[in-house]
Amino acid sequence: MDLRYSEADEKFRAELGAWLKEAVPAHGKAPSIHDWPGRRAYDTGWQRKLFDAGYAGVNWPKEYGGRDATLTEQLVYYEEIARAHAPYVGVNFVGMLHGGPTVITEGTEQQKAKHIPRILRGEEVWCQGFSEPVAGSDLAALQTRAVRDGDVYRVTGHKIWTSFAQVSDYCELLVRTNPDASKHKGISWLIMPMDLPGIDIRPLPTIIGDSDFSEVFLEDVPVPVENLVGEENDGWRVTNVTLRFERGTAFASEMYQLQESLRDVVEIAKRVTRHGVVVWEDRALRREVGHLQSELDSLWAMMKLSVSETAQTGMPGLGASAIKLYYTELYQRVCELALGVLGRAGLAREDVGGLPTQDALRRMLNSLSLTIAGGTSQVQRNIISERILGLPREPR
Amino acid sequence: MDLRYSEADEKFRAELGAWLKEAVPAHGKAPSIHDWPGRRAYDTGWQRKLFDAGYAGVNWPKEYGGRDATLTEQLVYYEEIARAHAPYVGVNFVGMLHGGPTVITEGTEQQKAKHIPRILRGEEVWCQGFSEPVAGSDLAALQTRAVRDGDVYRVTGHKIWTSFAQVSDYCELLVRTNPDASKHKGISWLIMPMDLPGIDIRPLPTIIGDSDFSEVFLEDVPVPVENLVGEENDGWRVTNVTLRFERGTAFASEMYQLQESLRDVVEIAKRVTRHGVVVWEDRALRREVGHLQSELDSLWAMMKLSVSETAQTGMPGLGASAIKLYYTELYQRVCELALGVLGRAGLAREDVGGLPTQDALRRMLNSLSLTIAGGTSQVQRNIISERILGLPREPR
Amino acid sequence: MDFRVNEDQAALQEGIRSFCEGRVSIEQLRELEGKGFESELWSELAEMGVFGLRLPEADGGVGLGTADAVLVFEELGKALVPGPLAWTHLAAGLVDGAADGTAVVGGLDLSDGHGAPYIIEHFENLDVLLLLYADRIERVAPKALDAKPVATPLDPLTPIFEVSEIPEGEVIGGAEDAQRMRFEGAVLVSGQLLGITETTLAMSLEYTKGREQFNRPIGGFQALKHIMADCFVRQEATRAVVYAAGATIDDPLAGDVSRAVSSAKAMAGESAWKNSRAAVQLHGGMGFTWEVPVHYYLKRTRVLENVFGTSEEHADALAEGLGQAVA
Amino acid sequence: MDFRVNEDQAALQEGIRSFCEGRVSIEQLRELEGKGFESELWSELAEMGVFGLRLPEADGGVGLGTADAVLVFEELGKALVPGPLAWTHLAAGLVDGAADGTAVVGGLDLSDGHGAPYIIEHFENLDVLLLLYADRIERVAPKALDAKPVATPLDPLTPIFEVSEIPEGEVIGGAEDAQRMRFEGAVLVSGQLLGITETTLAMSLEYTKGREQFNRPIGGFQALKHIMADCFVRQEATRAVVYAAGATIDDPLAGDVSRAVSSAKAMAGESAWKNSRAAVQLHGGMGFTWEVPVHYYLKRTRVLENVFGTSEEHADALAEGLGQAVA
């Protein structure tokens, strides 16, 4: 039960920290959320810098250009990235965290050679075409059809919650290739170039007011058969490889960020006065901050335990559902606390009175999606109770 | 939307209050919870005094010796009873609140004549034989068999959660008279004299350490056929009459008591110091007390709204489930708060250091049953969501 | 005691409801984004008696009570009607033209001890601004303030302005008036929060009954059913306590006004937030879109929570009161 | 960093577990009601190394660390082993005979600022009583105290005595020792609370998988499944933070000891309470009986919550620490 990072880990931390200290300020300020070309350039530019410095794909195998870092190094990496307020993975998200890893695991040599280096260097942006209006929590109910026609699949359907579709080069796409099979058996996983004819992208504004998500309408889109990843009709298994990547260590940075958010609450509370008293003197607030600190420390310890276990098994376990559930609900509690401290200043989504309301409000609104995306909290509780605790499955 | 009690109500309050002021102290101290003859005498003696003073069965029709009070008078009655710390209904509970009302509504003239006056005067104590080990939330699954044999039903089975069985004269008993019918269709409602042969009572100690509940084993018990209430095999409907009485205004006294409990928390907090500071100065505690006060006031207002509506329809509506759910969960929160204030003194179930730990701890432990008995909180949520909100029923 | 909504009240509420349904649909609200105010709508509300409701008939008002006003504000809350509704209503009789809608009156509650930045809703549409202090009410001309517009308010239907200094105004009410205004304001806003509590549950019910996943309406999953059952309990409790506060203001012999008001505002603020939060979750991804109007309710809740005392402040006041009663 | 339980630790824990299973069954515990202490059991625990676990081998101990002790106390918590376990363990090396079980050592934490009444657990079985002040540790002979037995303690396996005055004792440790004892005590007790968190969930799972209503195991109803899923998350989070606190005491370079300890105790207290509360509810009527042992866990939780700082006190300490860090 050894909690201390090794000397090698600390050495890695020192090098990375030193590099970030220069690289982060040098990369400049993020563009407006509405400036899509700017966002792509900013995010992929940062990815390129990571690559050049040897920090791209820390968890990717060396043979694919990754760093093949140990899991503790990965943890150090995510901690330092968050601590330095380095740019978020942004438009590289799907490529680096979903599509890339899936191609590495399930793709052909040709697919790997074509995409992996470019994703890693920030030259290729991916988006995700999984969910459909009728297939959310019940993803396997997806209806987008792909019909084989010579060298292509002709794809017709309607995808939703596709992030960064506007600036993507490829889409990891789930399609139904066998409508007669049971719902999990007829799905395939395709790499769809976004410049094919028949693709119509319609942004879907969120409650934050951004357009990070889109609906994607597909009308007879000819996706080359060579872009099939895994076997035809084996897409559900391939997908689950991706989903398990998503529930692994990827939250580490956000968790560290969550601790920073709790500090922000304290900082704001120390700057706001009510009835002539500094809000931080409110013991009811402090009690809640204290409990949250205890829970954040518990979450972080859970993460370390999970990483230590994953280091042996190679794959994050089902416990990742517990981490996802706990993390997202804690995140919302921290964001709500900030709202209470801000009071009327929290009615503005830009900084007022010298208070950082913009960040606090954006974070709060964004937090509402965390218990929905990537499997709702209710779905996570089902997974935990059925697959971990062995309780009876839902009657279908 | 008139909230003020009428002059008649206030007159009733004044008279009742004056009577209670003398009658309550005169009735003396309650006996030990283990002294069953004493408890019966104490509770029925009080019932007799209520009867003699014209306050027994405030909600019962005049023709059955009740007061036939308006619903607002009933509310006043329960308020004053609680305010005066009058003896709890105790062993008269089932007779006054379940059995009696059911006999009034569904019984024969002979049954009414025989039981109603005696229940009202505290001469007859009733208990309830509904639940069985296999039939809790799913009460209709009960298996206790009653087979017609001439003038009697021969009853065999196993009842549980029967309160005050040790000192009861009669039991309102649910039995299965038609094992071939669907589970709701073969049930009958019997009045079982507790002195019949074949009845074996085994107390079932609770986590409080009392024996208010028993298991009742029935072996070929000959219950006279004339003791059938309602039609044979129509017992489920008859039962639901009782259950709806249970969810009506009966909580009013306890709700008032709950407000007193919150005051007790404040009183204890004012007497306990930690780190040299009076605990009541802890703003985190006060914030929670304030929120609870708001919720208790909401609950009380809900009760008044429900009473006003019931006054028109004559029968408490389904909304009673909402009141039951909310009341019981609030009760537990108040009790837990008291535990925190008591700290280590709360490790004693008798008064220590001059603090009223006995009451607080007893209340807390007892509160754990509230979200279970009379339909668990989960069952209440099902009722609300299916019968009030019209959401789909559970798949069976 | 008959705590039910009586026939006149039901008719009043129904009138406002059908007005709002026709006049303030979600589509019409979308067009008000960034503005949050429309003078014709304001005039129509005035004509409906929204502002002069409690003004005596002799003074050109409708002559009704606070309990009635609560029912009206409940509907305004349900329909998300924007604008400085409560302030203008409170100003009727105090500021000429408020009752008939010719003067749009806003306000700033300075009695709660919050310092700068001062945030004022709907500033650019105001003819008069009330300043509510603990011991007095002042009025000032909006042009006397150096107000900076906030480009991105949280609630797209409630534009806000930032002010760092508050000028001296004309005193138009004393300590008692100020206290009454705080109480009445808190109850009216509680009515709006009640409306949000109700409508967000109704939206959740409608959505989850219609949305199918795993070949079942998602509203049939017990976990979601129980969330909505809790929302229902909250709604019923909130309705009762908010109505009770209105009735208590009308008849102080029915209870302690200060306690009734604080219980209502504390409860309504919590309930509106929890039910609108639940609605976002129950709508799944759709709840996170701008298109589905759940977010309007969530955001409006924050606006209403932060006026005439927050839930926390009212909880503190209740604890203070209970502490004194026990002493 | 490898935060997993290593092989030696797993073996240690397994040893204690199988000892408890054979020696401290629920039936055996029932016989200890009202007494809460059995000298043979105490000797056997000493022989297992429970008290001398962290004492250097040179001094007759086992020479292990706090992380190991946490695993042992987790098992003691699961099995509801009664007696002043943590105090006697902490006294090893400080009080002769504590490590080998010949001296039963209890204690009273006076550093938390709680005044009279002073409640002392297991008083009648104590050979030595430790008084833990903020700046020192004292020892007194139990007979120097005027202790009144409490006839009905909450936990039937933890007899308590009431004391109104505390005599002066012999100083056997300074401020640093006192702080270390508080930290270590909090972590050991957190281990016990973790055990309760785990066992009550296990009991709930077993019961709800077996109990049928409406022709289905009740554990198949989504509302109950989700309650247990939350219990599971709580258990996993608690295990991690409690283990981390033990490891941090062993290696202060791995983190901030004070923060690690407070996070563990605050979390463990909340989790044990919530999971045992859930277990009562999930057991339905049976959970309210004396027969089903869930109530033992619920009651023991209160005992452990109220020693070496409550969850609230540790939360306050964490906030204080964070406030200073931000300043």
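Order of writing sets the labels: A, B, C and D. Residues in every chain begin at 1.
Here, a contact is a pair of C-beta atoms (placed from the backbone, for glycine too) under 8 Å apart; a residue touches a chain by one contact, two chains touch by 3 or more.
The structure presented is a predicted model; accordingly, all values stated were derived computationally and were not measured.
A.B. asks: Fewest touch steps from subunit C to subunit D?
C.D. replies: Minimal hop count between subunit C and subunit D: 1.
A.B. asks: Have a look at B-C versus B-D and report the one with more C-beta pairs in contact.
C.D. replies: B-C
A.B. asks: Compute the centre of every chain as the mean of its C-alpha atoms, then state which one is farthest from the centre of subunit B.
C.D. replies: A
A.B. asks: Please report how many Å separate the Cα centroid of subunit B from that of subunit D, as a whole number.
C.D. replies: The answer is 38 Å.
A.B. asks: What whole-number Å value describes the gap between the mean CA coordinates of subunit A and subunit D?
C.D. replies: 39
A.B. asks: Just give me the whole-number Å value for how far the CA centre of subunit A lies from that of subunit B.
C.D. replies: 52
A.B. asks: Mark out which residues of subunit B touch at least two other chains, giving numbers and ranges.
C.D. replies: In subunit B, 283-284, 286-287, 378, 381, 394-395 touch at least two other chains.
A.B. asks: Among the residues of subunit D, pick out those that touch two or more other chains and give their numbers.
C.D. replies: Residue numbers touching two or more other chains: 221-226, 312.
A.B. asks: So in the complex, which bits of subunit B are touching subunit A?
C.D. replies: Interface residues on the subunit B side: 282-284, 286-288, 395.
A.B. asks: Would you tell me which residues of subunit B are touching subunit C in their complex?
C.D. replies: Against subunit C, the touching part of subunit B is residues 1-6, 9, 72, 75, 262-263, 266-267, 270, 280, 283, 286-287, 289-291, 293-295, 297-299, 301-302, 304-305, 307-309, 311-312, 319, 322, 325-326, 378, 380-382, 384-386, 388-395.
A.B. asks: Could you please specify the touching residues of subunit D with respect to subunit A in the complex?
C.D. replies: Within the complex, subunit D touches subunit A at residues 1-6, 9, 67, 205, 208-209, 216-217, 219-220, 222, 224-226, 228-230, 232-233, 236-241, 243-244, 246-248, 251, 253-255, 259-260, 262-264, 266-267, 270, 311-312, 314-323, 325-327.
A.B. asks: Okay, in this complex, where on subunit C does subunit A touch?
C.D. replies: Checking each residue of subunit C against subunit A gives 112-119, 121, 150-155, 158, 160, 162, 164, 212-215, 218, 221, 223-224, 277, 280-281, 284-285, 287-291, 295, 298, 302-303, 306, 310, 312.
A.B. asks: Once bound in the complex, which stretches of subunit C touch subunit D?
C.D. replies: Subunit C reaches subunit D through residues 221-223, 225-226.
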